[in-house]
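Per-chain residue numbering starts at 1, and chain names A, B, C and D are given in the order in which the chains are listed.
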Amino acid sequence: MSEFSRYHFRVKFHDTDAMGVIHHSKHIKYFEEARVEFLREKEMKWHNRSDKPLIFAVVSLATQYLKPARFDEELQVWTQARLQGARIQFQYAIFSELQKSFIALGTTELIALDDKLIPKRLPKDLVQAFKSIDWNENWPPKL
Amino acid sequence: MSEFSRYHFRVKFHDTDAMGVIHHSKHIKYFEEARVEFLREKEMKWHNRSDKPLIFAVVSLATQYLKPARFDEELQVWTQARLQGARIQFQYAIFSELQKSFIALGTTELIALDDKLIPKRLPKDLVQAFKSIDWNENWPPKL
Amino acid sequence: MSEFSRYHFRVKFHDTDAMGVIHHSKHIKYFEEARVEFLREKEMKWHNRSDKPLIFAVVSLATQYLKPARFDEELQVWTQARLQGARIQFQYAIFSELQKSFIALGTTELIALDDKLIPKRLPKDLVQAFKSIDWNENWPPKL
Amino acid sequence: MSEFSRYHFRVKFHDTDAMGVIHHSKHIKYFEEARVEFLREKEMKWHNRSDKPLIFAVVSLATQYLKPARFDEELQVWTQARLQGARIQFQYAIFSELQKSFIALGTTELIALDDKLIPKRLPKDLVQAFKSIDWNENWPPKL
């Protein structure tokens, strides 16, 4: 399987703050939405598994805010993922179609938990799936 | 037991939107926070009951927005509650200390659920507690 | 012009609460998103007008919560609008594709403001546009 | 001036997600709230300045999530700040009174902007104020 995924959306009015731009906590929500769409696109069976409940919990997060963006602006979250030991690392770059540039970069690390919030091994099908995905060492990709 | 409760707080920056004022969805969160503090103040055992899990679910909601309010403004949510058949009715009035007036009025109706989200009878101690609280027919109270 | 609009989306994980379902404040955000898409679909020039800034402020809101919905569920917000004197009334019905039923109904009233939050007349092109839209007296529409 | 500040609050129900714990985006809001209370406690004139509008914009953010926390849990955000060139660096540690341990650590870097979102020099009174505050190299402090 190739390539990072691209999740398209518009900035919601309720994502803005009194500075007139996206509030910096909302990027974290965008990353989560992009992660879900990444897993869907890669056909990784993650939630509603028939075997056992699996939860992904965020254990670390880092974000760089490069530019503001405003209500109704069309954005894309570009996302890639790889395994790092027991952790799944996701990298994100939020691209503005209006500004033709990235407005934020981010990374999160996640671990797998069962429904009692106890760490569990990642199921083999998911390990395989993550290993089969390309990882771009130079992030974000050139525009 | 007497009187409505008063829940004090300041408008958070992340509650504002690009109009420079509290986003209209945030009042719903303030009502919820005020409800929790009302139940605490009236010493109603609600969550973490030793008998059985009890969840209050909102089944209807109405809000009137009277005035805008801004970042860091000191607000109070005045709250009263009564039983209406199987429903618990809460009434709210949000008062601005700066503006010396109400900025919003609201009402919510809740029902009791068990942890499978099935409606259940309100426990007797809670029925008694709600019946012992005064209800102000004229709402909001005069300033 | 005919018909209500239909805004499609999935429940985000960050929309859920500890009951495992959509938090009741999130429906208010869905209504806002649906409103924006309604105005876009009907080609109503609303924000970024070349003449003068125009803001729509919510002055009242009512919601009935009919059923819970869960993470990743596919929902639609059906939306219609009409003028009521100086107010614009929107009606919403949130439909779950999984449950084949409505999970919530809502209505909001909005007024037009300038960028100093002073009420202003609705521009003529918008008055015309709202008048040309069908209004369904029986809401929600039959499934 | 001495010491980090401690901002006390309880986890709101609307801060939880379907895992039953605080959603990881909410810690970012707690950091912001703690930042505002830090500036208030240190009597730093920040917003509503008589000279000129001043906005603090977050340019980077990092968080480590150590433990989950649940609805109504009493938390404290411990906060310290210092100047790093043109940036203001804040460090946070979220302490749970129930768990007697830290549940998350964080850091943010902010820059000063005017009301057109153009970078501006930090006013002298604020530079002085930040320089007079102790900075704890070992963070979080020992329990």
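Just so it is clear, a residue touches a chain if its C-beta (ideal position, glycine included) is under 8 Å from a C-beta of that chain, and two chains touch if they have at least 3 such contacts.
Being a predicted model, the structure only gives us computed values, none of them experimental.
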Between A-D and B-D, which chain pair is linked by the larger number of C-beta contacts?
A-D
Name the chain whose C-alpha centroid is farthest from the C-alpha centroid of chain A.
B
Measuring from the mean C-alpha position of chain A to the mean C-alpha position of chain B, what distance in angstrom results?
35
Rounded to the nearest Å, the gap separating the Cα centres of chain B and chain D is 28
Intercentroid distance (Cα basis), chain D paired with chain A, Å:
24
Which residues of chain D are in contact with two or more other chains?
13-14, 20-21, 25, 29, 32, 71
Given the complex with chain C, which residues does chain D contribute to the contact?
13-14, 16-18, 20-21, 23, 25, 70-71
Taking the complex as given, what residues does chain B use to touch chain C?
19-21, 24-26, 28-29, 32, 55, 57-65, 68, 117
Note which residues of chain C are touching chain A in the complex, please.
12-14, 29, 32-33, 36, 47-48, 71-72
